[in-house]
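A, B, C and D label the chains in the order they appear, each numbered from 1.
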Amino acid sequence: MIESIRFWAIIVLIAFGLFFTFVSAMGVLRLPDVYARAHTASQADTLGAGLALAAVALALGWQHATVYTVLLLFFVFITNPTAAHAIARSAAESGIDPWTKESEEEGETK
Amino acid sequence: MSQTDSYDDTYTESQVIMTTVKIIAPFTLTYGMFMSLHGADTPGGSFQGGAIIGVTVLMLAFAFGIEPTRQWLKNSFVVGLVTGGVTIFIATGLATMALGGNFLEYDAFSETFGIAHYWGMEAIEVGGVALIVAGVVITLFFATAAGFTPERRSRGTDSLDREVSDDD
Amino acid sequence: MIPSGVTVEEVFLGAAALFVVLAIMMFYRAVAGPTTQDRLLAVNVLGTNTVVILALLAAGLDEPWFLDIALIYALLNFLMAVAISKFTVERGGVL
Amino acid sequence: MAAERVLVPLSDTVTVRQTVGYAVQSGLERADELEVHLVVALPHEADLIEGQQETEAAKELLSKAANWVREDAGSGPITVETTLLGTDEYLFGPRDFASAFDDYAREHDIELVVLDPEYQPGATAQMLQSIERELDAVGLAYDEAPVERPARHERLVGDGTERFDRLFALFWISYGFYLILGDPTYWFDLVTGAAVAGIVSVSLAHITFTFPLDRIQSPIRTLRFGLYVPYLIWEIVKANLAISIVILRPSLPIDPTMTRLNARVRGGLPLLALANSITLTPGTLVVRGDDQRLIVHTLIPSAREDLFDGSLERAVRFVFHGREAAAIASPRERGDTEILGGDEQ
C-alpha cells in the first residue's frame, strides 16, 4: 500500500516536473525578448527541476544519497533566481531595451 | 525619474549576487574540503574537491571584484598552497622509496608502520592533488585577471580603489 | 497499486530521456538567440536540465555518486552565469 | 567677518571622532567664529519599528558629538547645532542623502560639508555609490577629513566586531553541514569535520556575516524564515500555473513592462530574500536591485498587481522585523511604484 502511494507520488511529481520544464522550454523559445525569456528560464525551470529532484529524493528513500538530493534542491532554488537576475542585469547594463506591446506595433522586433 | 537616471553610470557590484555568494560560499568551501578528504574512498576524488575550493574563491572574486578578493587572499598564501601541495606529494612519494618501495608505492607504508594502504592514498589525495588544484585554479585566475592589458591595469587602479571603498 | 512490468527505475530513465529532449530544444535558442544574454540564458537552462538529468540517472541506474557530479555541475553552472554576465558588460574595472 | 558655517554629517564609524576634531580645528583656522552643524541622517522613517531604535542611537551620537566639539574648541568662539534629518521621509541611496544635506545647507546658508571618509548612514545599509559623487552632482562643496583609517581595505571582511559570535555561528553551520555530508558516527569525519569547520569559519566568517548578529533575534529570524518558506512555495506554484496558461496559449497574451518598486527592506540579506522571492514568483523578475530601488520586469498584468500589493514584501518584513513590522501600507498606497518605459521607447 505504502509502496503504491509512493510510486504514484513519484509519477505525479515527475509528470509535473516535466510539465513545468516543458513550459520553461516553450517560454524560452516563444517569448519575444531576453527579459521575458528570463522569466520562464528562472521560474518554471526552477519549479520543474525542484519537482523532479523531489521525486528522486522520494525514490531514494531514507538513505545517504537523499541528503545530496535535498542539498541539490536547495542549491538550485537559491542559485537559479540569482543567475537569472545576473543575466537580466547584464542585459540591462548592455543597454538592451525591453520589448513592449508598443514596440511590436511599430514593427520593431528585438 | 527616467530610466537612464536610475541606471547609474557607475558600475556597482550587484547586492543580490553578492549576498547569494556570501551565503553559499561557506557551504561550497566545506563541501570542497569534504570531497578532498574523502577523495580516497568516493569516486568524487580530490581533483574535484580542489576545483570546488578554487571555484569558491573565484565566485567571491566575481561577486566582489578582484582587488578586494586579492587583498583578502594574500598572494603568498596561494603560493604556499601550491608549494605545500607539491611538497606533500613528493614527500609521500620519496618516503615510500626510502622504505624500499617504488615512487608512491603505498604498500611500503603498510609493511613498515602497519597502517592501511588507505592512509598513503589519503595523504596524496588531500595534500597533493587538492591543494595543487585549488592553488593552480586560483593563481591562474588572478594571473589572467591581472595581465589583461598593461594599459588597462594601470588605468584601473584608481577606479578599483574606489570600488573597494564603495562596496561592502 | 503499481502497474505490472513498470519499475520506478524505468520511470526515472524515461523521464531522463524526456528531459534530454527538452534540453535539446534549448539549443535552438543557444544558436539563434540574437544577444549574448539570450544564449547565456539558454545555456543556463540547459545546465539546470543537465543537473536534473544527472539526478534522475542517479536514481534510475542506482549510482548515487552521480549526485556528487550533479552538485558540482550546479555550482559551476551558477558560476558561469555570474561570470559571463559580468564579462559581457564592457566597463572599466568591472572585475 | 561672518561666522564660518560647516555641516558635519555623523554616523557611527571608527573615524567619526577624528572627523569632528578636524572640522573644528580647520574651521577655527579659516575663520574667527565657527558654527558647527552636526546632523545625523536617519535612513528609516522614525515611526517604523526598526527606525525607533536608530532614532535613539542617533540622538545619543549627536549629544556625544556636541560634547566633542566643545571639548576641541576649548574657549574658542563656537556654536553647535544638532539636527536629525530624514525623520519624515524615507531616504534611499546616497543621492537622497546628498540632496537632504543640500536642502539643509541651503536653509542654513552653509557652504562646506566636512565628510567622514567612512561615512555610512544607517547601521545596516551599505552605500553602493559614493556619497562624494552625489555631493558633486548637487554642487555642494565638501572636504574630506584626513583621518587615520585603521583597516580601510578590510571592507570585504566586515568591521571586526562580534568576532566570536560570527566564528561560533559559522563553525557550527559548517560542522553540521560536514557531518550531514559524511557519517556522524565515524571518528575520521568527526575529527576532519572540526578541522574543516575551523578553516571555513576563520576564512569566511567575516564575509558571510557582514551584518551584526543578534543572539536573540537571529535564531528567531531563522524560525520565522522556516514559516516563510511554505508560503513562498505556495505563491510560486500558484503563479507558475498562471504563467503556464499564458505561455501555452497560442495567442501569447503578454504585456511586459519595466516597473520600479521602492521596497522597505534594507541591507543585503532582506534585500536578497525579497529579490529572490520576487524573481522566483513567475511573472516578475528583478533586473536591478541596488539599495531599495528594485527595477522589476513584469510579464503579465496580474503579476504586476500582485507585486504592487506587496504581499511578498510584507512577508519578508515579517521574517526580519517581526509581526508588527509586517503591517505596513502596500507599495501602491505608499506611491512607491512606478511603471517605467513606454515614452522612452
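Here is the rule we go by: a residue touches a chain if its C-beta (ideal position, glycine included) is under 8 Å from a C-beta of that chain, and two chains touch if they have at least 3 such contacts.
A quick note: this is a predicted structure, and the numbers were derived from the prediction, not measured.
Participant: Of the chains present, which has its C-alpha mean closest to the combined C-alpha mean?
Facilitator: Taking the mean of C-alpha atoms per chain, the most central one is D.
Participant: Would you say B-D or A-B is joined by more C-beta pairs in contact?
Facilitator: When B-D is set beside A-B, the one with more contacts is B-D.
Participant: State, to the nearest whole Å, the distance from the C-alpha centre of chain A to the C-alpha centre of chain D.
Facilitator: 30
Participant: What is the distance in Å between the mean C-alpha positions of chain A and chain C?
Facilitator: The answer is 10 Å.
Participant: Among the residues of chain C, which are close enough to touch at least two other chains?
Facilitator: Chain C, residues with two or more chain partners: 68, 71, 75, 78, 82, 86, 89, 91.
Participant: Multi-chain contacts only, two chains or more: what residues does chain D have there?
Facilitator: 181, 258, 275-276, 286, 288-289, 295, 341
Participant: What are the residue numbers in chain B that touch two or more other chains?
Facilitator: Only 7, 11, 14, 16-17, 20, 23, 31 qualify.
Participant: Between which chains does touch occur?
Facilitator: Inter-chain contacts occur between A-B, A-C, A-D, B-C, B-D.
Participant: Per the contact definition, I'd like the list of chain A residues that touch chain C in the complex.
Facilitator: Checking each residue of chain A against chain C gives 3-4, 7, 10-11, 14, 17-18, 21-22, 24-25, 28-29, 34, 37-38, 41, 45-46, 48-49, 52-53, 55-56, 59-60, 63-65, 68-69, 71-72, 75-76, 79-80, 82-84, 86-91, 93-94, 96, 110.
Participant: Would you mind writing out the residues of chain C in touch with chain A in their complex?
Facilitator: It comes out as residues 1-2, 8, 11-12, 15, 18-19, 22, 25-26, 28-29, 33-38, 40-42, 44-45, 48-49, 51-52, 55-56, 58-59, 64, 67-68, 70-71, 74-75, 77-78, 81-82, 84-86, 88-91.
Participant: Give every residue of chain B touching chain A within the complex, in rising order.
Facilitator: 7, 11, 14, 16-17, 20, 23-24
Participant: Under the stated contact criterion, what part of chain C meets chain B in this complex?
Facilitator: Those residues of chain C that touch chain B are 65, 68-69, 71-72, 75-76, 78-79, 82-83, 86, 89, 91-95.
Participant: Using the touch definition up top, name the residues of chain A that touch chain B in the complex.
Facilitator: Touching chain B from chain A are residues 75, 78-79, 82, 85-86, 89, 92-93.
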